[in-house]
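First chain written, first letter: the chains are A, B, C and D, and each begins at residue 1.
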Amino acid sequence: MIDKRYQSAADAVADVPDGASVMIGGFGEAGSPIELIHALIDQGARDLTVISNNTGSGEVGLAALLKAGRVSKVVCSFPRTANSTVFPDLYRSGRIELELVPQGTLAERIRAGGAGIPAFFTPAAVGTPLAEGKESREFDGKEYLMERGLRADFALIKGRRADPYGNVVYSKTARNFGPIMAMAARVAVVQVNEIVEAGMLDPEVVVTPGIFVSRVVGVASPMHESELVAAGATYP
Amino acid sequence: MTTGEEQIGWSRDEMARRLALDIPNGSYVNLGIGIPELVAKFVPAGRTLIYHTENGLLGMGPSPAPGEGDPELINAGKRQVTAIAGASYFHHADSFAMIRGGHIDLCVLGAMQVAQNGDLANWSTGEPGAIPAVGGAMDLVAGVKSVYVITQHCTKTGEPKLVDRCTYPLTGRGVINRVYTDLAVVDVTRDGFRVVELAPGVEFEYVRERTGAPLLRSAPLATGQCHEHACGCDAKRRPV
Amino acid sequence: MIDKRYQSAADAVADVPDGASVMIGGFGEAGSPIELIHALIDQGARDLTVISNNTGSGEVGLAALLKAGRVSKVVCSFPRTANSTVFPDLYRSGRIELELVPQGTLAERIRAGGAGIPAFFTPAAVGTPLAEGKESREFDGKEYLMERGLRADFALIKGRRADPYGNVVYSKTARNFGPIMAMAARVAVVQVNEIVEAGMLDPEVVVTPGIFVSRVVGVASPMHESELVAAGATYP
Amino acid sequence: MTTGEEQIGWSRDEMARRLALDIPNGSYVNLGIGIPELVAKFVPAGRTLIYHTENGLLGMGPSPAPGEGDPELINAGKRQVTAIAGASYFHHADSFAMIRGGHIDLCVLGAMQVAQNGDLANWSTGEPGAIPAVGGAMDLVAGVKSVYVITQHCTKTGEPKLVDRCTYPLTGRGVINRVYTDLAVVDVTRDGFRVVELAPGVEFEYVRERTGAPLLRSAPLATGQCHEHACGCDAKRRPV
């Protein structure tokens, strides 16, 4: 039998060590695995490198992880959001490092990392400040930058449904970075609203095949960041 | 601000309406946050555009009715949207494959500066202490077939946004095809900015005074309301 | 309205010019768009470059296109099959050019072409004859080859169901090269068993979003290569 | 051929059974065409392996019952197969992302030659006039975590397949971890070939004479039937 189910979010992130690199899914609140992030806060790992498209809002979820001082560096395309004060404060006071990456380059670097591609060329950011220090090269008369594949020790991802083999389907635009982060992480942890039996997910519609997933946790009614922020919630 | 200048030229809605006229039926379109989003409201009857939002949806529909939104169905501006019949969801790498691979026909963006060589600056003032955030703008301008800017012709303090050379950090080099402002429609050509249409009541000289780079005029140079046809059609346009 | 439906396979390939590059989906017979290939034979375009994983079997479908002398070059990972004599004969007599590409590199080159990636690095084929003439480079102490993205003028693909927007779903392992070839071709033509109305395909399960597809043709009961070969069929 | 030598050592089924013992529960496995396919028949009770076939299926099941096959559900050898509960289909780029990205635990391949440095030749004799065909072998050996070869120890004409240096065109450089032959299980180590187990009744010298490169012996060197445990377990193995 193959059974990747974990009893709780706490169990599923128990072995994240200090200094780990952690990809965290989500685009804004859609797909943000709040329960896994909160479990990571409880767990206490620090000096983390977080790879995520945003830096969270309010003082819950990803912003709470930052606020708790657990993150030394973020790799990110848009670390500025309405209701976001945690990252700006940390950044301005020099307490966090930022590697700013164009969103499509970030996605492709993650996909490349997961696909065993160590480097690729992209036209994005040519001629901009984000090209500084990067190798550039011409193909067919057009200039491109070389970008490196990106991998991580862990990925925290929110899906909709999974089976014990780790097959995952997502919900609408909450899919975003989940499938590629699952590919690029040594240990991909996925929280889903519902865990179903093997065979209940049509093989034609599985988005993330189980081979990319190490751990599955059921979170029947996940929290939504915007509601928490509107309610003034903080974590812990 | 309520200066006299605001009375002149197109309103934001009119700018969006003017731009919408130029998008052919069946186009795949990515609309940036802000004024660009208005374009969707003014697509002429009989045309169907398919909206792409880079966070993983092709076939984005309008905002949901109050109370019917889903926090997991949002656009790139992180606002709740809907999906049309015929939509599809996909992950971020596939979404930017659409962008980078030249599959999106048109992207409409706001701008801080556009240079006469097509350079765009729209993501950072470069000020120390500012939180740098770029999102998908650099990928969009590098990959989408046509990139239009929609923006006020000048900043709130009256500085030209169409410039000789961008002083702000670039988003992309030589990427802008056309600019829609409150005063005019301006093509970015090999020879620099060329006015292809003036807003009603706006004179070429008026625009030139408010442009930070040489401004060519098109012949025929059109003005006014005559846009029942799609982009490229000169019917009923009067030369200035 | 957007309606990418074409009345017939003949209509859908009518404008393929001499000298065109044509990606043809399929892995063996699974996903091989036989009706579109036969329409292309009828249409008469020649001097084609065909990009496909195999070279067909018997004298139907892809093998028939080769046999008709329409193809000057194939880009392919495995041009040798049981019941395959057409390609071997052409190749041995010097009447067709072969660019042999490892299967995963072929897939990734096509995906890269469709994704606007002009080049990438892969570990496959390092130290082998297929590395000859290719740029190699070390990343993190391991050697890789640089491979170029691959695009084509047309792609002929077999799906299961599509809607008028060009959204496509596939059948089982007939999916294979279809989704990436749709991305990489200027004009992707997809034959499907069934065309359904817009809205009938769940947006969560669409495999090829319509943006990658130009033309859709209904072929209700597509032929299977193995059955044709077993029956000794030839085309035309 | 019915020479005396064929009586010695493991049959093809026994080679496959021996290899199957070494695959841990839960492994993701890609089996090449031919002898490697036999491995699936001999997985010990209580272990579940997930089979990947590079043409786009994870969770490949056994052959279908007669008349129940689907020509669109095939394996990399283009034979009809089935899909288990918990399977998934995906396109070729995703399939080789699994391979190249190091997600597959084990690949089992046939071989024409394996060199003592782990080089593999299994796709071409390099003869002029042969139709070159490589398929996915180069991607598999470059990407999969462990690559095992299963093969007769010698060719039909008695030439060693385990060699000092491959004379056929390479499939990959330094990629093979272990070889299962009719005579022995041989690890490819930094020091070259090392026998870790002999088939019943086969002596080390016998294997050495049929190997085209120096052959080290492991201590403890095991032989025989004692494999109720998984790989790495030395229980009940007797040193030679």
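By our rule, contacts are C-beta pairs under 8 Å (C-beta built on N, C-alpha and C of every residue); 3 or more make two chains touch, one makes a residue touch a chain.
None of these values were measured; they are calculated from a predicted model.
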Comparing B-C against C-D, which pair counts more contacting C-beta pairs? C-D
With centres defined as the mean C-alpha position, give me the chain C-chain D separation in Å. 31
Between chain B and chain D, what distance separates the C-alpha centroids? Give it in angstrom. 58
What whole-number Å value describes the gap between the mean CA coordinates of chain A and chain C? 34
Which chain B residues reach two or more other chains? 57, 83, 89-90, 93, 96, 99-100, 143
In chain A, residues with contacts to at least two other chains: 108, 111, 115-117, 122-123, 170-172, 203-204
Category of the chain touch graph - line, ring, star, complete, other: other
Can you name every pair of chains that touch? A-B, A-C, A-D, B-C, C-D
Chain B-facing residues of chain A, complex: 27-31, 53, 77-82, 87-88, 91-92, 98, 100-108, 110-111, 122-130, 170-180, 207, 224-227
Over in the complex, which chain D residues touch chain C? Could you list them? 53-57, 70-75, 78, 83, 89-93, 95-96, 99-100, 119, 124, 126, 129, 131-140, 142-143, 169-173
Residues of chain C that touch chain B when the two form their complex: 1-2, 111, 113-117, 163-165, 167, 183, 197-199, 201, 203-204, 206, 209-212
Residues of chain D touching chain A in the complex: 25-26, 28, 48, 50, 52, 57-59, 83, 85-90, 93-94, 96-104, 143
Name, in rising order, each residue of chain C that touches chain A in their complex. 108, 112, 115-123, 139-140, 142, 144, 148, 169-172, 202-205
